[in-house]
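Before anything else, here is the set of structures, which you'll find just below.
There are two complexes below, and they share chain A, which is joined by chain B in the first and by chain C in the second.
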Partner chain A sequence: MHRRTLLSTIGAAVAAGTLPKAWATTVGVTATEIKIGHTIPYSGPASAYGVIGQGHTAFFKMLNENGGIAGRKINFISLDDGYLPPKTVEQVRRLVEQDQVAFLFNTLGTPNNTAIQKYVNQKKVPHLFLATGADKWGNYKEFPWTIGWQPSYRTEAQIYAKYITLNHPNAKIAVLYQNDDFGKDYLIGLKDALGADYGKLVVKEASYEVTDATIDSQAVSFQASGADVLVTAATPKFAAQTIRKVYDLGWKPLHFMTNVSASVGAVITPAGPEKAVGVITSQYAKDPTEPTWKDDPGMNEWRGFMKKYLPDADLSDSGYVFSYGVCNTLLQVLKQCGDDFSRENIMKQATNLKDLEIPTLLPGIKVNTSPTNYHPIRQMQLAKWNGKTWELFGSVIEGAGT
Partner chain B sequence: MNGLLHQLVSGIASGGIYASVALALVMIYQATHHVNFAQGEMAMFSTYIALTLIEAGVPYWGAFVITVAVSFVIGAAIQRVLMNPMANAPVLASVGIFIGLLLMFNSVAGWLFTYTLKPFPSPFGEGPPLFGGFVSRHELGSTIVTLIVLLTVWAFFRFTRLGLAMRAAAFNPVSSRLVGIPVGSMLALGWGLAAAIGAVAGMMIAPVVFLDPNMMSGVLLYAFAGALLGGITNPLGAVVGGFMVGVIENIGGAYIVGTELKLTLALVIIVVVLVVRPAGLFGKTVVNRV
Partner chain C sequence: MRNGVSRAAPWAFLIAAAVLPLLLASDYQLFQLTMVVVYAVAILGLNLVTGFNGQISLGHGAFYAVGAYVTAIMMDKWDAPYWATLPVSAAICAGVGFLLGLPALRLGGLYLALTTFALAVATPQLLKYKLVEDWTGGVQGIVITKPDAPFGLPFNADQWLYLFSLTVATVLFLLAANLVRGRIGRAMMATRDHALAAEAMGIDIALLKTRTFAVSAMFTGIAGSLGAIAIQFVAPDSFSVFLSITLFVGLVVGGVASIAGPVFGALFIEFVPNIADQVSKAAPGAVYGVILIAFMFLMPSGLAGFLRGLLRKAVRSIRPATPSRSTEG
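What follows is the complex of A and B.
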């Protein structure tokens, strides 16, 4: 430890005399290279997310083959954290202190990012475009070095509430939520958008614990409450149970389902595709399996990239679409940086995106950030399950507030 | 009133889930005087075996019988290979093995069958709900299956020499050996039967909660609570306890304390019962003569 301190002191002293002044602040950047750090579960129960990391790696490979950024190649260091927060802390410390990355990009998981957020903000390492839907990554006052990317759960709930007040002003709403930050973000979002009417419109809220066996009791209470709209903020297993129980009860509410549980394979198929007809969710990215995007230029660009750099990948996996979208956002930030890759400037450019259009996002959805808006994507479009696919309807809706 | 009745019935239905796993816990406790923490994961694994067979084209009841038989063999094999060397080790060593088994079954299931949620067929058909829409066919059918298993277990311990020998082997291995009971085989038999009962429970639960490697993690907790409430030495007590936990949880959650505290309420009641009657509502206090 002492020796390391000594060495770095000597190093700094030598550098101060010989190198230009900017050197001290451009950690992880040389004349030929930009180092980017990343963590994701390549192993363990959440390893299905690993495809996102593969997508990123391929994207930067493409970028490097095309000449890189401002004459520099990207050195993308992607480490496995097994979705375990303590492991994420260990890997991120390694990235920051040993590998000396310029910034962290798209680290995955709400608990994992929570575990490292304080540390990276203390170190003033840009913590860009996290792969999680929690709303707290928009807290620019307390954590100015952390910024999210995808629409937050809270934004999503605001969008449902906006749709409900516009189209069903006399709705009686029931809310099922998981009793944690994820579920509670939906309650907050509904309160944001319904405002003073919340108490009048929401007739029943009920939570469940992840250890519960079923949500049958909650569903029965909802039906008894006379509600005609149901907002479900549940993880896939409980979402599938809810769809089936609502159907079995013969209850027919307008059912809004969190897009966390909109997966056809993990939720709709187990619950029964015929039982889910009429369920509404929201989307912000193009679905690779949706025939609507068969000839879409944006998706064709993505398919071309996949064909060249990930020829064996499963094209129906939306993880790759997610990866391509978030990498394109980062690309814009790096382009905007010009030749100044100091951490301050990277953060400044990340929070200065104006009406950026991404090929894999739904038409009309634009990425916007500012020093007081750390929620890059705040628009979504609703989609209804028609028995076979999610069918987009209506126009793009923007969440309330920033 | 209608709502209350509905909550009651849905409580009985989830109580049935807890009761079926509680039975497996009683079985292993009667046979070994241990509570196997991996019981739930073993049942989950058995359910995957059943699903694999069904997907391969085996008819449901055929798959059911094969799964129960295979689970019996797995259970007995675990006892022979892993638990037998632990016979004279301290209790904590066994606990270590149970936890190891829990993690192993969970990860192996995830690795073999993926973590994606899978639907599991019900043998009782889809059909419309019965009795004015209150009870689904599967709820009724699985409750009946649980009661059949209960009767069998009870009769086995009460009326057969084998059952008596198993209880003796668990209760006092040394004396049992002296009167000619093959203690090792009895323990293996107990493990096998517990695994078989767990397999039945898994196959009855999966159609309700969907099958994934973490299917049993929550259920085992409730089943354990039910078994303690009724008395872990008594199959009937464990089943009644399981149903009670389900009903208390539902009624309490819907009308008394709200969903956030419903499990707490159920556990408080259990603690109170155990303080008054440490052996559970139906349990017998076992006195060891030294």
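What follows is the complex of A and C.
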């Protein structure tokens, strides 16, 4: 190991002096350092996401204290964009052109990543494991340098549809969706998995606008349509309204709720915990507040890390769990790189993850990527609200298609 | 009386601003400077209506957004060249500004501030509205292509865009300086200082106010267009209420009712958030706030007013006999 470090140091020195071309593609990597760029809102209306950036920073600190990667320390440069796309463009240009990072990691926000996607692909900078739930980060043909991480809304909808066709083949499905990209991704996902049966199984689709006051009329029309399954792709306020209205109508469909609105505090409590009994959602990561994971080795590993590197942090904040999961995915990529940290190889390794298990993901969920699969997490497990907590049931289900 | 030095100073500054960055700055820094130019024009527009005419607007981000979207839609849907979108954007924003200036006639001071603030709050949602979604691209926004230098000029895209923006900004700053120095400018300021007296002097206040609003919106709209070309992307989230507040901060920090003030204000809003981010990841907003308070405490009349004071002191110490009659430039 020491000899290898020495050799690579000498190699770097020789290369820097005599063979600059051979090293031209390893931007941001020296014999002692790997530079990683990151943007996140530390300020502004979305600054609650800032904990993810703090989690990342702590993770790389731990990594460096444990010797780094292939003898190199991680230089993690995390910048504030205030969730403003123009600021993201500015900060990413700084990271790429001035700081000369090797790659970008887990940049946060759908509009923010849309703003920089074209630029980073032109510059051929790896744009790894974005922090957004949109489905479009899997478009490897047009944007081969951009890859997502978490299950997309579309994948989630595919999983619900798969469960329905398997367990309720004669279901009559009603779909409530928010009339924007978020809601429409669910429709697309359902169509992916139901295929030609979509027209037969889905008896009613209705949308609402974010500006609407209530979804009451939609809920009434669903009941009148005779549907016995409801898929709700709504943001928390409307999700709570839906749960309550469905209960008040005395209608008892099998109710699937997007995991965007699975928050106990923001949805279940306002709707009434007893009214939500039986509602089904999906999860891919372990919930830090869930008693099930009290003695879980993976979560204990995470708690140990938190205790040492972020002793003052709020352990119930799932942002830290997210951070630990995505950082571990990156760690595997860097390990797989061996001693070749060229941008081409980083991208190659990021798209060649095989059955990677992450301590903070649900048991059985594996990270898989390939040059034609840019959706690292495509599995989720269903959970049912039992009046007190979300109770996982059944096995891990994988999304359909690509 | 203006002496030769103070007449030549802005031009010397302009030539330095055009040439030095091309020689010294990296592409990334040029991009930042382009954004400074863009914000300077946007704040200049706000300054016309708020600084010179006394109508407080907290909604200029909306005009900036309209300008940006006009350019983005024209470039995206009709493949219009970027420069051709500017006159269209100017005309549309002036029209929108004129219409929004109408309620301003009935609403004074804080009430107008609140009304325009409501406009700023509504802007992102209006852009997502489904009737206009086919045009605006909804939440996803519109990605546009960065223009290259024309006629085979030896500039890269960032250098060209900087020069182009600087040229447009120079024209707009000259227009604004001429406007406020002349008869209309005096009428604007008279209306600001004492509306009743101004009316007694024969100024048609209604017409003046709505027209000022229109010109102001036009300036800020053109800035929005330039900003969209530089960023290469527009989306509702880019034009949140914070944009309007940021422009207002730039106005006050730079110097209210000063033509040079917006340049300082733009430098502030472009670079100070980055400094705050360097100081603290935990609370960059708080650091920004402290810097802002410090600025306001030390320079209550803005950076332009502060520098003007320094200059006046220096001139006085050299030539104590000269009476200070010069108007600001």
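One rule holds in what follows: the second predicted complex is superposed on the first by the 381 of 402 C-alpha atoms of A that agree within 3 Å, B and C clash if a C-alpha of one lies under 4 Å from a C-alpha of the other, contacts with A are read in each partner's own complex, and residues count from 1 in each chain.
We take it that a contact is a pair of C-beta atoms (placed from the backbone, for glycine too) under 8 Å apart; a residue touches a chain by one contact, two chains touch by 3 or more.
Everything quoted here is computed from the prediction, not taken from an experiment.
When both complexes are overlaid on chain A, chain B and chain C end up clashing with each other. Of the two partner chains, chain C is the only one that A:E97 touches; chain B does not reach it.
In the superposed model, A:P45 lies in contact with both chain B and chain C. Of the two partner chains placed by superposition, only chain C is touched by A:V89; chain B is not. Taking chain A as the reference chain, the count of touched residues is higher for C when chain B and chain C are set side by side.
By the touch criterion defined above, A:G250 reaches chain B but does not reach chain C.
Once the two complexes are overlaid on the shared chain, A:P111 sits against chain C while remaining clear of chain B.
Of the two partner chains, both chain B and chain C are touched by A:T211. Within the superposed three-chain model, A:N179 lies in touch with chain B and with chain C [touch as defined at top].
Of the two partner chains, neither chain B nor chain C is touched by A:D296. In the superposition on chain A, the residues of chain A touched by chain B in one structure and by chain C in the other are 45, 179, 209-211. Per the touch definition, chain A reaches chain C in the complex via residues 42-45, 47, 50, 53-54, 57, 78-80, 82-87, 89-90, 93-94, 96-98, 109-112, 114-115, 117-119, 179-182, 209-211. Interface of chain B with chain A (complex): residues 2-3, 6-7, 10-11, 13-14, 17-18, 110, 115-119, 129, 133, 136, 205, 208-210, 212-213, 217-219, 221-222, 249-250, 253-254, 258-260, 263.
Contact residues of chain C toward chain A in the complex are 26-29, 31-32, 35, 125, 128, 130, 138-141, 143, 227, 231-233, 235-238, 240, 242-243, 273, 276-277, 281-285, 288. Of all the residues in chain A, the ones that touch chain B in their complex are 45, 48, 179, 206-214, 216-218, 220-221, 224, 236-237, 240-241, 248-250, 265-267, 269-272.
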